[in-house]
Amino acid sequence: MGLLDVAGLTSGYGGPPVLHDIDLTVGESEWVTLLGANAAGKTTLLKTLIGVLPAASGAVRLNGREIQALPPEERLRLGLAIVPEGRRVFTRMTVQENLQMGAHLFGGGRAEDFDRVYSLFPRMAERRRQKAGTLSGGEQQMLALGRALMSRPRLILLDEPSMGLAPKLVAEVFALLRGILTEGVSILLVEQNAKMALKSSARAYVLRLGRMVLSGSSADLAENPEVRQAYLGG
Amino acid sequence: MYALVALGYTLVYGIIELINFAHGEIVTFGAFVGLAVLAALAGTPLSAAATALPAAFLVSMAVTALLGVTLERFAYRPLRGADRLMALISALGASIFLMNAMMLAIGRDSKPFPAYLSEPVLQRGDLVVRQLDLFLIGLTILLCALLDLFVRRTRIGRAMRSVAQDQEAARMCGVSVNATVSITFVLGSAMGAAAGILNGLYYGVIRFDMGFLLGIKAFTAAVLGGIGNLRGAVVGGFVLGISESLIPAILAAPPFSVPEIFDYKDAVAFGILILVLMVKPSGILGEEVPEKA
Amino acid sequence: MNGPRAATWLLWAGPAFVLAWVLGFLLTPEVRGLAEPQDFAGLAGLAALAAIAWCAWRALDRRGLLTVFDEARHRAPAQFGLSVLLCAAVFPLILAQLGKYYWIHVGALSLIYVILAVGLNLVVGFAGLLVIGFAAFYGIGAYAAAIVTTEVGDLPHMIWLLIPAAAVLSAAFGVLLGVPTLRLRGDYLAIVTLGFGEITRIVFTNWDTLTRGPRGISGVGSFQIGGWNLMHPLDVGPLRLDGDTQYYYLILAAALLGVFLAHRLNHSRIGRAWVAMREDELAARSFGIDVARCKILAFAIGAAYAGVAGVFFGSLQGFVDPTSFSFLESVLILSMVVLGGMGSLSGSVVAAVLLVILPEKLQMLRDYRMLIFGLLMILLMIVRPQGLIPSRRRMLELGSRPG
């Protein structure tokens, strides 16, 4: 049994389900990648996992505890955090306030967590009084990641953190994620940048039209002709 | 005083983007609760201004906050995420319902509000400054400052701002939207209650439908200052209050000499509203917020 | 009974049933309180009528006849229109035979409200713009009629000219209000119209030289055809039509025309543009719909309806004063639209008639009327936003909405 176990999950936006019968596992300190084309249901899956979308049926277990009926704040308390698609930092708040929001359930942030995030992202420390809206795209992505780290998660859900970033910055993000992994935090990464994601992760899943169609070790999937053709550019 | 009422609109609008039509009635309700407390204390040793007024304010703010939360729970929450038009109609229904409920409970007549703090502190010719005037201005500024501090500096205030900006992202940070909206209504309604009592003290009478016009004017103040912006609401409130007394006075005096203008005093606020919407819809302190569908 | 025949049968039986029901309703004693035996008889009668309506509705619904009726109505609109027209035309004649002249007056009033509700529904229901001070436009029409006919002198046929004039005047005010709020969200429009309604009332009350202030204006001119004044009793064979009855027919014609035009508008290019705009302004814009023009148009047309209704009102009553155009009046009209179903013309018609005659019967609830309207608005929005008689289009939209 892993840290996160998803069994038979069906979910959507109230109309016909977007996700059908999803099974997925993320182990302790494991990096799992989720691949899929646009509109395959990747973001829907992450939103259902964090709890902003309700699950229609199926079970989500975190550390063996069923969480599919819990509101997001309970899931955050149990060690889940998310870096949402498109960063979604609070642009009209300062950097510091954004980080405080990340630790909202924990009294607005412990000093050592601020220190940790600021040491991971020295640029954030320089701009802590600036409005997040004045940051560059890459900096906002770092801020979103820092915000997620503030709640000391055991599993971080990342939704396309490399979107819209320059290659150099993407590499930086991945390096950071590897660092976080070594601290014992698990990662579930949704990515378009399949090559890099598969290189960094242990296992991977492929989602197509709302169903899991492939799973296996990242190395195997990277060799899979279907995956190569669809996500790795032939 | 407009500033205080305007704060209620702006708070709610800023968070859930709904014009709370019933806010004017909330203010009236607060005034009546305050009156009830003052009436209950009359004749007891606690009837002095120093004890009776704080009691009236505290009780009224608490009770009115409860009403605000109830209102949100039953009339607005079920419609969150639904068509905006429906929420607006529901808000209007709530306003009509409350206004008529108060009329049935209290009657159509104006109720006299006991006079407090009416001794003049300064008298120079026609100009009389009563204690009450200072109290009114002082309390308004104090409450506005406290609210501003609360929203800017506390954890809950941060949560309110995050919900205002991006509800889903706020939920992803573990903010409970329902709880936050409830708190918003608590604050807005409590401010409204204070405004209601001040209104009663100032004019000496209150009526079941006074919230209606007050509501329109306060909304004007909120728009004037830039809706959704707390400091803007305060500025807008003061600007509106001053224009309302100055503009008719100017038009009544030479060279315009239109003494009938005082009959239309209530129209001034409305004229300002239209003017602001035409010239600078984002208000004095408003950020340039593009139109949303 | 086979399908088409049942449908034809229903087309005639339906309105006839409604007519019988309304008459039964009118003959039920008034409920003024809960003291007299008459009150209880009235209550019992109303309850029985409500039960009959409910049972009939359920029975039809269960046997799928409502759908048949609905389809028949759309397949043979002329036949349906004729059947409704016939029932509406017989209505005052029966009442006159029974000596219930007051109810003919109420009938004429409710037809005025039909015009108002349909007009407001165009703005709120179709175009999705919440207008609250609708009574202001109504008042402008009524005051225009009153002022012109009393000040300028009551020339024989001038009031006919006043109908288009009032329509244009009200529409102009509508445009005046609509323009500054166009670029903004609908919420602003709601509050601006609310304020406008108040201002109009203040002006009516205070502009003594023109409106005679709170005393109002009496002696508003009446409609004439040739040398004939519609307010004078008219003998047609054995029948004597009093002024109210003739006005009833006049306003009925106007209301029918109004509903017909609204119906045509709804199914025209403009109607579709309105719905598109209400659903998604951005998308509508990207399809080349001139959103600003559409809004202004909706606004102007709605205001024009109210202006026309105002002329009829002023002339029917012969008297106008500011209290007839208060905030409560706006709320009443809005309640009709909401109750009948936003975007549903037949709903507006039924709700308008219902909300005019129901309070006449339930006198004891008079004071609670507004309270009930307020509650109704909230509850309807939450429980049944499509209203009593949902429009087909709206039903589809709401039915398919997730959640």
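So that you can tell them apart, the chains are marked A, B and C in the order they are listed, and the count of residues begins at 1 in each.
Just so it is clear, a contact is a pair of C-beta atoms (placed from the backbone, for glycine too) under 8 Å apart; a residue touches a chain by one contact, two chains touch by 3 or more.
Small disclaimer: the values here were computed from a predicted structure and weren't measured.
Put simply, the chain nearest the middle, going by average C-alpha positions, is B. Ranked by C-beta contact pairs, the top interface belongs to chains B-C. Taking each chain's centre as the average of its CA atoms, chain A and chain B sit 43 Å apart. Between chain A and chain C the centroid-to-centroid distance comes to 56 Å (mean Cα coordinates, whole Å).
Our note on geometry: chain B versus chain C, Cα centroid distance of 35 Å, whole angstroms. Contact of a single residue of chain A with at least two other chains is seen at no position. Counting partner chains per residue, chain C shows two or more touched chains at residues 403. Considering their complex, residues 124, 128, 130, 132, 177, 179-181, 183-188, 190-192, 194-196, 198-199, 202-203, 206, 278, 280-282, 327, 331, 334, 338, 342, 367-368, 370-371, 373-378, 381-382, 385, 403 of chain C touch chain B.
Chain contact summary for the complex, chain B toward chain A: residues 155, 158-159, 161-162, 165-166, 168-176. Considering their complex, residues 18-19, 74-75, 78-79, 81-90, 92-101, 104, 212-213, 216, 219-220, 223, 260, 263-264, 266-267, 269-270, 273-274, 277-278, 281, 291-293 of chain B touch chain C. By the touch criterion stated above, chain A contacts chain B in their complex at residues 50-52, 71-73, 76-77, 82, 84, 88-93, 97, 100-102, 104-105, 107-108, 147, 151.
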